[in-house]
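As structure tokens, here come the structures.
Here come two complexes built around chain A, the first alongside chain B, the second alongside chain C.
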Partner chain A sequence: MDMGKTILEVNELTTRYITRFGESVYAVDHVSLKVEEGKSLGIAGESGCGKSTLALSLMGYYFPPLHYMSGAILIDGRNISGMNPDDVRKLILGKEIAYIPQAAMNALNPTQKVIRFIEDVIQVHDYGATKRDIYERARALFEKLGLPASVLEKYPVELSGGMKQRTVIAISVLLSPKVLIADEPSSALDVTSQKMVIKMFRQLMNDGLIGSLIFITHELPLLYNVTDDIMVMYAGQIVERANAKAAVFDPLHPYSKGLMGSIIVPEEGLRNVKLAAIPGVPPNLKNPPSGCRFAERCKYVTPECRVTTVNLREIEDGRTYRCIFSENELREAYQNG
Partner chain B sequence: MVKSKDVCLSGAGLTKVYGFGRTRTLAVDHVDFSFYEGEVVSIVGESGSGKTTLAKMLLGLTNVTEGEIYFQGEKRDISTQRKRREYWKNTQAIFQDPFSSYNIFNKIDTVLLDCINMRGGRGFSRERKFEMMTEACSFVNLKFEELTNKYPFELSGGQMQRLMIARVFLLKPKILLADEPTSMIDACSRATILDMLMQLRSEIGMTIIFITHDIGLAYYVSDSVYIMEHGKFVESGSADQVILHPKAAYTQRLINDVPKIYEEWDLSTV
Partner chain C sequence: MKGYQKYFLNKLSWFLITFVFAFLLNFILPRLMPGDPVAAIVSRVAQGMSNTSGVQAIYEQYARLFGTNRPIHEQFFIYIGNVARGDFGFSISQYPRTVFDVIRSSIMWTIALQFPAIIVGWLIGNTLGALAAYLKGGFDKILMPVSIFVSNFPAFGMAVILMVIFGVALEWFPTSGGYGFDLIPEFSWKFIRSVISHYQLPFWSIVLIAIGGQAIGMRSMAIYELNADYVKYARFMGIKDRKIIGYVFRNAMLPQITGLALSIGTMVGGALVAEIVFSYPGLGYTILNGVMGQDYPLISATTLIITIMVLSANFLIEILYGIIDPRIKAAQAD
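On to the complex of A and B.
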């Protein structure tokens, strides 16, 4: 399955937040992942599981209270994890790796036209570019992505939510980044705008405007339709990674299974299904539980789960999961309810 | 399922116009509806279709330009503050953004005590009030002992939304208007919140008016569905009828726009 070259490789990345009382919160705990060129990876999980922190950590651009601990981030073979923040900002962000934070569309400057913001973005990386060039470049990209060029001359308040979000995405790919990280890009939008955003991501991938995509959301049906692989995070750790189809229809980790239980799609038979919510809340990462971090909320918990440290197991197709039970034991347990 | 045929809330020719002259916008355009007691009704439409304006009119938060609202068969009268408060005892709302629904200066105790007082519990003993608050919190899987003396902003989004439901539990209104109650919280808490709303419905038999853009959600929770486009209802009927056999092109498009997992998701339509 892996033929393309690896664009992003992360080895045992650990980052922590240091609170003002001096406590450490390990929000990303020994995370390793690989994304190949032309592939996309979805990251799923509840709020507070470290999805957004992982996205921030992947950029190699740390500012307090987030601190780098250990591990390596390789973009196209180049390690960016130990770099000076200023160099990261100038050389890496935007060109190598671009990041669309949550609610990015609300960050457009309301007092300036969209094109002024684009001029700022390009001039930081390409000093000396003239306004005329920048306008032409932006117009060409916007038209390619199906956005009207008139957007460039508008103020953000004149645009609808979906349009603002698509504008922000277009701006983020102006410098053709190798990796694009999108954090909940569609959760504040209605279904129709959401679909346009998704279509845009697909187009970006197909046209080769971005090398690979990391898509973070808690909406599994969306991930299933956008990304090749899905990675589930829980309490700062990866608990499962599989291709999209396997992750949705044949989840192995009890937590992924629980997430799949909360899917709502308008298809026949849904009304008779009772949504199964996972009881409880994720553990406090100031002092994470020893043993399996999901044990507290797991239906299939055994005394052993609470004491043994569980490592990621690898099974066929590069699929991994973090549970002490074997594949077959888990599948059997799910069949019996 | 509660299915009495008493009309709880209805509207005739309800219209709302914002602005005037060149900027005149017809947000809600002569809509007629009748919501029955104990029913879960969904109003579905994309952004800008007038769902929230309709909700605001139903709650009495904005003036009605034209048309009438009837509450339990009688014309709704909220001309004075006293009458308005009386109406709000029976009509409550859960809003989209839990982070801005609370008064940041009030503690959670105050939030809940207000509800008890509003329901005529002003004279109850401290123990009785405490018991009621504990019951309300445990209904939504929160522990009152952990919440007391805290402020709402110390809670997570899902917890705040649950606290909102605890309020509704204490107030026991006839009508609950839920305006996108789950769009700002994650998929996992969403299931919990929906379950709680349904449980509340069967417990106190209220009418829930559910406003959403996600037709999947509407299908999961509601008995009847109204589809709204540009301020008008384009289709209405029972959930099965509307969502499994949609007639209007707009309904079909909305259904198409929700990401699917069991069938191919057609991206060419937008």
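On to the complex of A and C.
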């Protein structure tokens, strides 16, 4: 059991989208998680399973169509889910918790120089900061992260895709946030830029520029290389959480099993595994199925699965999964194919 | 700055090339109209004369005066020389007034009518469009259909509707002219009041149509920008909504500025309809008279003014854009 200090604790967080027609879509459904100082957590899952919505929901700052329903988000012991939105904006965003959007390529205002945006960001939290100080701070950070200081005086259009991405990451960590949430920060990049971005995340952790990292992606091999733990989401719920190695090589939940089976990880033992896709699509979250949400697509489904509410079960060292079968039953089922 | 110089020179050379062609067309097109305007004047002057050789002599005198006795390419070079000296010659239809005099007396009416109308329409339209995008809901649901409805009125339709309602039925404002027909232009309260009340109907007929179009354009640009990724990112970095709205409207405004500059450029041509419907003594009305009277010098001079205004407006936009929007500079410099 790790004895590190818990930096992010989320209890039963539920958020929903309200559509134009007034329907509710519960994209994050009673999600609980913990991240310790200096640790990183990866979140995996198919498109539409709620990964990105979870990232948005963790910020504690909601704007339509996303709405907060219930649950708590504690950063370093402080509950931000009950705070007034303007206080969240001034005291929390960027400083305690920061975000790197999915399309970081377009995350910068096209008609604003990078340094002008940095000035706006810093002045939210540090009203008296002079332009001179801000420039010096930004330059020091950029150079530390291997970005040329000349980037500061450029417009986003003058930067390459990879450079833009790294610039956005640098801006996100300007105020040394305790939690950094990166939503698919590398999916739009070529492999070389991807590698630089990954190296940058490692450096952020090692240099203590961020307290902890939540990394969202559909690229599992990447998670295995970057994060300590991996959490798998399905239809707005957590279906499994384990350390990175166990999540990739020894998944318990049939969905995780299917997800891991559908990728190639160049590691020993996986050489002879046949690639398999999971048939079907995730359920519509306007009317989530009662019982197990994965039942429709599960190879091992029983009639009971469709009616019983399935809770997360915890087995050794914080490893959890959501299935009515016990660990042994699952392992046996996988053995028999 | 080298990239920008190249951009500037590129735009300047296009400006000059377009100007040369437009200048040529301005000269040739009116002269391609069938009919002989000189004959029309002569028949007016020579009314009641029975002496054929006398009429012939008068015709030749006028033909020499207007230069129509020479071959067209010679006329063209003489025209260039005269224009370079600022001399547009005599108006044929309003002889003996000079073209310069005719234009001088009408252009101020057009500018005073159109310029404020365009600016007011643009400001109101953009403000409403931006508010509709930001507030959404009921405001948007009412404003949009109304804007679409109003902006699709043809200009003359709007002018006639206003004239019928406020001029004929309610009799709030006079329906024609720039000032009372019984007054002479002077600085007196009576005259100024008359000008202001004559001003209302043409002014609002232009403003109303402009508001609708601008509001629609601004609304869709602002909605697009409000959903851009940089807005979400800026929000999550704790930037105030007010500041983000500033980013959004600056970006949404760029295409709208083009629209503004273009409508200022096409001001004179755009004035035609409102001025004709309300018999407003502006340049648009003058152009119409010029065309009716086959007044080559007057048509060429007025169309030249339009050409210069449109081209300069376009040129200015491109230059300003290069400064305001780094994306355009980057795309055009290489």
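By definition in this document, the second predicted complex is superposed on the first by the 327 of 337 C-alpha atoms of A that agree within 3 Å, B and C clash if a C-alpha of one lies under 4 Å from a C-alpha of the other, contacts with A are read in each partner's own complex, and residues count from 1 in each chain.
Here is the rule we go by: a contact is a pair of C-beta atoms (placed from the backbone, for glycine too) under 8 Å apart; a residue touches a chain by one contact, two chains touch by 3 or more.
What you see is a predicted model; the values in this text were computed from it and never measured.
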item	value
Chain B versus chain C as contact partner of A:H125, first or second or both or neither	second
Chain B versus chain C as contact partner of A:S193, first or second or both or neither	first
Contacts of A:L312 with chain B and chain C, given as first, second, both or neither	neither
Partner chain in contact with A:R202 - chain B first, chain C second, else both or neither	first
Broader residue contact with chain A after superposition on the shared chain, chain B or chain C	B
First (chain B), second (chain C), both or neither touched by A:N225	first
Set of chain A residues, in rising order, touched by both chain B and chain C	none
List of chain B residues in touch with chain A within their complex	46-48, 156-158, 183-192, 194-195, 213-220, 239-240, 243-244, 253-255, 257-263, 265, 267, 269-270
Complex interface listing, chain A residues touching chain B	46-48, 160-162, 187-196, 198-199, 202, 218-222, 224-225, 248-249, 258-259, 261-268, 270-271, 274-278
Chain C-facing residues of chain A, complex	59, 61, 63, 89-90, 92-95, 98-99, 101-104, 106-112, 117, 120-121, 124-125, 155, 157-158, 168, 171-172
Residue ranges of chain C in contact with chain A within the complex	228-230, 232-240, 243, 247, 250-251, 254, 324-327, 330
